[in-house]
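What follows is a pair of complexes built around chain A, which joins chain B in one and chain C in the other.
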Partner chain A sequence: MQSFLGIFDIYLLEAVINGILLGGVLALLALGLNLIFGVIDVTWICYAELVMIGMYGMYYLVQVFHLPYWAAAPLVILLVALLGAALHFLVIAPLLTAPPINQLLATGGVLFILQSFATVAFGIDFRNLGIRLPVLALGEMNFSYARLLSFGAALAGMIGVYLFLTRTFTGTAIRAIAQDRQIMPLMGVDPRRIYLVTSAIGGGLAGLAACLLVLQYDVHPFVGLSFGPITFLICVLGGLGNFIGGFIAAFVFAEIISLGGLFSDLEWGYVLAFAFFIVMMFIRPAGLLSRRS
Partner chain B sequence: MNRQTAGWIIGLLALVALPFVHRDPYHLHVLVQILIWSFAYTSWSIMGRFGLVSLGHGGFMGIGAYVTALLWNHLGVSPWIGIPLGMATAGVLALIVAYPCFRFRITGHYFVLVTLALSGIVLQVITATRDYTGGSLGYTPQRAPSGKGLLALQFDDKTAWYLIALAVWVAGLVIWRAIDRSMIRHAMEAISEDEDAAAAAGVNVTAEKLKITLISALMTALAGALYCQYQMFISPDTVSGIAVSLQMVFAAIVGGVYVALGPTVGAVITIVLAEVLRISFGTKAVGWDNLVYGVLLVLFIIFLPKGILGSVIDRIKSPRKPSRGHEQQTVPIARR
Partner chain C sequence: MPVRRAARWLAGLSVAVAALGVAASAHAQDKKIKIGVIFDLTGPLAGGGSELQYTGVKIMLDHYAKTGVEGYKVEAVYADAQSKPDIAINEAVRLLEQEKVDMVMGFFSSAQCVPVAARVDQMKKFMWITTCISSGVFDGKNYKYVFRPQAAGNQYGMMTTDFIAQYSLSKFGNEPKDLRVAIIHEDGAYGVDVAKGNEAGARKAGFNVVLKEGYSATAPDLSALVTKLKRAKPDVIFHTGYNPDITLLFRQAREQGVKFGAIVGHGAGYGVYEKLREGLGVDANYLFNTDPISIWLANQNGMDPKLPPVIKMVGEEFDKLKPGVPIRSAHVGIGAANAYVFLDDVLPRAIKKYGGVDPDALRKAALDTDIPEGGTMLGYGVKFYGEGEQYAGQNARSFPVVLQYVDDKSYVVWPKSQMQRETVLPLPAGTTYSYK
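Up next, the complex of A and B:
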């Protein structure tokens, strides 16, 4: 009995730590989405599909053009950042005055476009980088370097965005416009430019997430559906536009998925996470960190 | 009897007579699909037109399909009982999620995302219980022994299916019309304009929203069960989940959410487009139909938010003011 508990605890600890590692990437995704929501007030339903395109970018640069991983990653981040700016310019900008639901549904259309574009252009085969990072054995627990690396890079990315938002003029303008959309134009800030920059940063974060996720998962046209919904729920749980709330919610979700997956199948982890989300919506509709009105 | 009613009756008679005149099985197959999906899209629009944009309808459809099929395969319960049970399950789930939503006034983005979580849950539960449901590989209701086709609601004859689907589709339109003429519509329109004002005017906001959600969920579950009985194969990706929910939203918006036949027009366009692409390009067409859908969806939301049929009807009703459609582009699907 004693030894059974011992093994059990090791697995539990491993699951907890893996949850934290997963949470890092989720937090990165949530940050990008939150930034866009906080500043432009739109929800990009197709956010995970941008990540998917980035993952294909990595696959082609590394596997087909034989670039080293470290050279391919910045290119992909740039590519997805451009894609984000284009998305804003082509789809969101014409709808800025339309009701929010219409903007959300239009990005739903973009989701179809990107998914089917990937199907048409890349086929439905599962592809991977062919990079297998070693596994770190710590006592009886095993962690993949891919996850550790992702966690570290995600944290670095988030810190980078934080510094950009607090230390630069453009960053300050972005935060200001998130606080008050009407006043900022009067202060000499061009909101259109800020929106474009924000979309590009949001896209760049999706690109970074793509570089990290492609180390752990195979890419296929529908890969976005496996973590896209989770990302929205994290953002809503943390309070849309609330960066810190999103950060915390990402880890809460990742732990639920990881621990749920420990006791049963991974799908049940997701079911638990979704159910937890719905219940939380009723308890704290405006997000984890909000005070109840 | 005025001209409009006469038009409806003649059109309906023509549709009923069609399979007896034109017996091409492929054409009938496409028509049955159009009718079943039209019914599903109409169900979505019944609440979607009042600004209650739900991405959870994929979940309701999946429940209708899977509950019916599981009861038949595992317990031998006839779909005649299974379908109402499936609908009831979807209805109960809709109420469980919708009541707190409406009670705590979760609207707009938040409502969309809560319902998105709902269809995510249904998809994951179906996949996770793969010992019973076959998981992502899909599920097939067992063939009924010959002579028991009626009991099992399984027909080899396409004409029978065509007539069933037609009847259900007409029932959907009748429900739409009944709501269109009832107090619920006025209440819901007031609510979608301004919840507080509606409540102040004596509208029971929560109850009205629940009513419309329940009707919509029950109908969607029925559509799922019919789809299952007709296709004799369901998989989590074809009847549940977020992709199906988005597909409903897309077709309804392209056709027009605010007019009775709008979702039907959307279904005709999407299914005919998919079939044409499939026939002309074969397996190379995989993905192209969705690519065209996506582009259309974005263009429609930007330029024609009332949908094809809605805009056409607007033109006919006020030919002198062709620019009206443009001015009304901001007609909200929802307000927050």
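Up next, the complex of A and C:
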């Protein structure tokens, strides 16, 4: 009994909080991808590679051009937003009426193009922003400010997107298009413009994620491999296009990884998370918050 | 008249002899050995040390491409394994079957080495491994055509535990049985193999192993592992990783306030000091790395006199390729030194004694190799375990050393026979991870 109670120590609490903070990182990544899928009905498999390009942008602006971090961040968000819009204009728009598998393969192709482009343009070296944020110490527990920032940004991003979608005309049009693609053009809404705006916002959210991830991770051409699959799983687990579902799924997933990794091997944390995903796909195929049909 | 005729005959004969000489020389130059070289030039392993190993091998092959070996031209064909085992296998087969290379060389990742060695030996082709270290490549396999001068992973693991055991009492104030150690490793063939060596060494030394755990090198988060390290409170951490997982581990360890006496790495990411320095800043100071000795640090007094000029040449070529690097990476030296053993020792013997560069000639020449300690740029000798032995094809005379990075310089601190300075153990008070 005593050994069982022994697991309820300060480290367990630290693991729980670290899980929440990891959830913030994952939620931030899932936000943009969900928005795009919800509105345009296309999954950007290359989403994590946009984040990678944004991380390189931060590295070069801060380390090479010596811009302060706070000045570089908006530029990177703008850059990735433009990249998102360009991706839609050049790749997605011509395939809007194509079968979903074609769209998926096209964005998969962009993934490889971006990885190869980064390898050629930036080299294979791992780049580091060189910014060391202080650590928040609470008794024996320590937490990373970089992760707290990500958590805050995910929360703010979520609220911002929600307000934008509910309080602005463009946001309302985006929601309307998401509900019915065919009827909205009859009501005077230009779907091409809405798709472009949505893609730019999705890209901007990838840029925001890049600005925060670069504080925690080295950037290299294949950094997307660490995040891409998990981001995609979270979006599916939350229900593709469902912001709140994605947000909750990110925290559930992160807690399973964190606590599973604490009580067993770290690898088992990921195994449990993926097993949970598979089980949920049987129970709630349309996402955590969907009703059973 | 007879004199004039004789002179004509003589002139004619001279021309004929000269022509024959030119023809013979041209024929000799037509002979060539085509070597397929496989490393990871893209993907996560490229920056983790593979590209540096490739650079070392290429410097050596470029050098021999100019001089040739025993009248044979040396031609290299390079391929990128893209940090993926399946690509490594496909590229090895492609080079051997389509490019018609005589042999394959290189290989950074143990996860690639293990399956590629099996495939190449099955094809009865010759494979010379310069880099990967997993013992699993040879353990009980009894390959005939696969050879590796490089030290094996379990030797890495045992060298570090031996090093810490020797200093347990004098530096940590604890008998080995009271020394708390953690063994953490990436969960591929490389990490698992080194960790096995760590475990065997820890058992031999009698350490108190408080944590042993593997993780995926591409995991986006190691905070659960870091929390367990914090809970286990190890005096020493034995760590095997690539990069950027090393940087991620250190970053999260700093953020979560993990303290310890020492962390000892085992090659790969720990061998690329400038990346550690860039990622960890001043925290890269006092880190340990177990690897074959850097050729630029090896004691040249006891070395074969033909080697120092070669070391100098490799250094100059590397500086041309990567100017301004503070510490020439041990990776470059390992690649160059192990390629040199083949080109300088094995290949000439295959041509002269066994009549060519076919797999059997190369195999026989490799089995004849008998280089004493001090006969390679890495300090160790070369003698391969023979057919029927547990590690057939592995160099029986190789050994790694323990290096420590101190103030942007790298020093050998173990074994004592190679020691260049007194080790700094445990981490000095005031440093980020110091438990003092």
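Operating definition for what follows: the second predicted complex is superposed on the first by the 281 of 293 C-alpha atoms of A that agree within 3 Å, B and C clash if a C-alpha of one lies under 4 Å from a C-alpha of the other, contacts with A are read in each partner's own complex, and residues count from 1 in each chain.
Please note the rule applied: a residue touches a chain if its C-beta (ideal position, glycine included) is under 8 Å from a C-beta of that chain, and two chains touch if they have at least 3 such contacts.
Computed from a predicted structure; not experimentally measured.
On the shared subunit chain A, the superposed partners chain B and chain C overlap sterically. By the touch criterion defined above, A:34 reaches neither chain B nor chain C. When both complexes are overlaid on chain A, the residue A:113 reaches chain B alone and has no touch with chain C. Residue contacts after overlaying the shared chain place A:270 against chain B and chain C alike.
Contacts of A:236 after superposition: chain B is touched, whereas chain C is not reached.
Once the two complexes are laid over each other on the shared chain, residue contacts for A:221 go to chain B and to chain C alike. In the superposed model, A:199 makes contact with neither chain B nor chain C.
Once the two complexes are overlaid on the shared chain, A:128 sits against chain C while remaining clear of chain B. Looking at the shared chain after the overlay, A:150 reaches neither chain B nor chain C. In the superposition on chain A, A:261 contacts chain C only, with no contact to chain B. The superposed model puts chain B in the path of chain C at one of 91-99, 163-171 or 253-261, which is 91-99. Judged by the document's definition of touching, chain A residues 116, 119, 124, 221, 225, 265, 267, 270 lie at the interface with chain B and also at the interface with chain C.
Interface of chain B with chain A (complex): residues 51, 53, 97, 100-101, 104-106, 108-110, 112-114, 116-118, 120-121, 124-125, 127-128, 241-243, 246, 249-250, 253, 286-291, 293-298, 301-302, 305, 329-330, 332-336. By the touch criterion given at the top, residues 9, 11, 14-15, 18, 22, 25, 116, 119, 124-128, 130, 132, 135, 137, 140, 142-144, 146-147, 216-218, 220-223, 225-227, 230, 254, 257-262, 265-267, 269-270 of chain A touch chain C in their complex. For chain C in complex with chain A, the residues that touch the partner chain are 41-44, 46-47, 51, 83, 187, 213-216, 218-225, 227-228, 230-231, 243-244, 247-248, 251-252, 254-257, 275, 278-279, 281.
In the complex of the two chains, the chain A residues touching chain B come out as 43, 91, 94-95, 97-102, 104-106, 108-120, 124, 221, 225, 229, 232-233, 236, 240, 264-265, 267-268, 270-271, 274-275, 277-278, 281-282, 285.
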